[in-house]
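Please read the structure below before turning to the comments.
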Amino acid sequence: MPYVNIKVTGGNEAPTAGQKAALIKGVTELLSGVLGKNPATTVVVIDEVAQDNWGLGGMSVTEVRQRNRKA
Amino acid sequence: MPYVNIKVTGGNEAPTAGQKAALIKGVTELLSGVLGKNPATTVVVIDEVAQDNWGLGGMSVTEVRQRNRKA
Amino acid sequence: MPYVNIKVTGGNEAPTAGQKAALIKGVTELLSGVLGKNPATTVVVIDEVAQDNWGLGGMSVTEVRQRNRKA
Amino acid sequence: MPYVNIKVTGGNEAPTAGQKAALIKGVTELLSGVLGKNPATTVVVIDEVAQDNWGLGGMSVTEVRQRNRKA
Amino acid sequence: MPYVNIKVTGGNEAPTAGQKAALIKGVTELLSGVLGKNPATTVVVIDEVAQDNWGLGGMSVTEVRQRNRKA
Amino acid sequence: MPYVNIKVTGGNEAPTAGQKAALIKGVTELLSGVLGKNPATTVVVIDEVAQDNWGLGGMSVTEVRQRNRKA
């Protein structure tokens, strides 16, 4: 009966439909394998977050990526 | 002062504006009726999740719907 | 297949087991009634938040309640 | 290592890229200043919520804004 | 840079510290394997939810478990 | 009308009531200053997460802290 929310950056870093299916399958199997949870009622929600809307180290990912390209 | 988050599938299953208004009204009245919470400060946020991004039973809803159509 | 998260204040304002059951039943019926969602796969999670940990108007609820008692 | 999620209304009220950068910088500095948290591992996610999908006082923000314009 | 939140039932169904470590390791490896995400900045938060506070099928898990024992 | 959720580690790293009040005040002022949001309807929820339940770099914070002490 677990609920899993996965947040990753979107835009040009967005996962493909195949990668999202692999995340859903993988995390459902992980919860079944580690905790014996029933896959039939395991819910997974993936959020793709715009790079302007994700911050790390006090900067948006947009800015982090620009700095990395320059460096 | 409650906060409620409702996640449902979007795309061709997305709720209409009228249905979203009915959810907001209904859940606000429920919290007022059951717990006596003040509607004026009850916050509701509805997230519409793409069908590729929602997993149940280890599969995306996109795949669940395709299997149901075939069956 | 919806997922609902309800956050309310805890401590001396915490809902009873009966009130929590009424919230779960009520919101599941709301989603079934408004959107035709299947109750069997509707997940509800209630979080009880300590009054020091909930802020409104720039103050914790602990302080909001103290001011209301004095007023 | 903190995680912060900020939800605001989107559409014609959506924050600009500059405002989002200011929120990310400001909240990261707040957590560093108040709790001594390491900015390098402080994660911030901003969600812009459609005005039909945000409820306050039992109404969507769309409806709240319409009533305010009329009043 | 992903963020993962895993919610499971607590109380007598709560995961052990070892199981929680296995979930953290497993989901971090999944995101690295499927999406190439950097494990160093992958954040995982596990919430253990009281059985009275988790609803499925319109009932709390407390009631679901009682019915299953009787059946 | 914004909603902010702040997650930090708890246990022996838990913020004091005074620190939590400072976070609530600070983030509410940030949203008012940057976006002109009304403090009266700004909601803040702080979650204190057990160190076994928070993962970074594929390990729980409990293990991260033990390694740092040994190093």
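To keep things simple, chains are lettered A, B, C, D, E and F as they appear, and every chain counts its residues starting from 1.
Note that in this section contacts are C-beta pairs under 8 Å (C-beta built on N, C-alpha and C of every residue); 3 or more make two chains touch, one makes a residue touch a chain.
Because the structure is a prediction, the values reported are computed rather than measured.
Between chain A and chain E, the least number of touch steps comes to 1.
Set against one another, C-E and D-F show the most C-beta pairs in contact at D-F. For this pair, chain A with chain D, the centres built from the Cα atoms lie 20 Å apart.
Counting only residues that touch two or more partner chains, chain C has 1, 3, 7, 23, 27, 41, 43, 45, 54, 56. Counting only pairs that meet the touch rule, the chains in contact are A-B, A-C, A-D, A-E, B-C, B-D, B-F, C-E, C-F, D-E, D-F, E-F. For chain D in complex with chain E, the touching residues are 1, 3, 41, 43, 45. Residues of chain C that touch chain F in their complex: 7, 49, 52-60, 62-63. Those residues of chain C that touch chain B in the shared complex are 1-9, 15, 19, 22-23, 26-27, 30-31, 33-35, 37, 41, 54, 56, 61. Residues 17, 20-21, 23-25, 27-29, 39-48 of chain D touch chain A in their complex.
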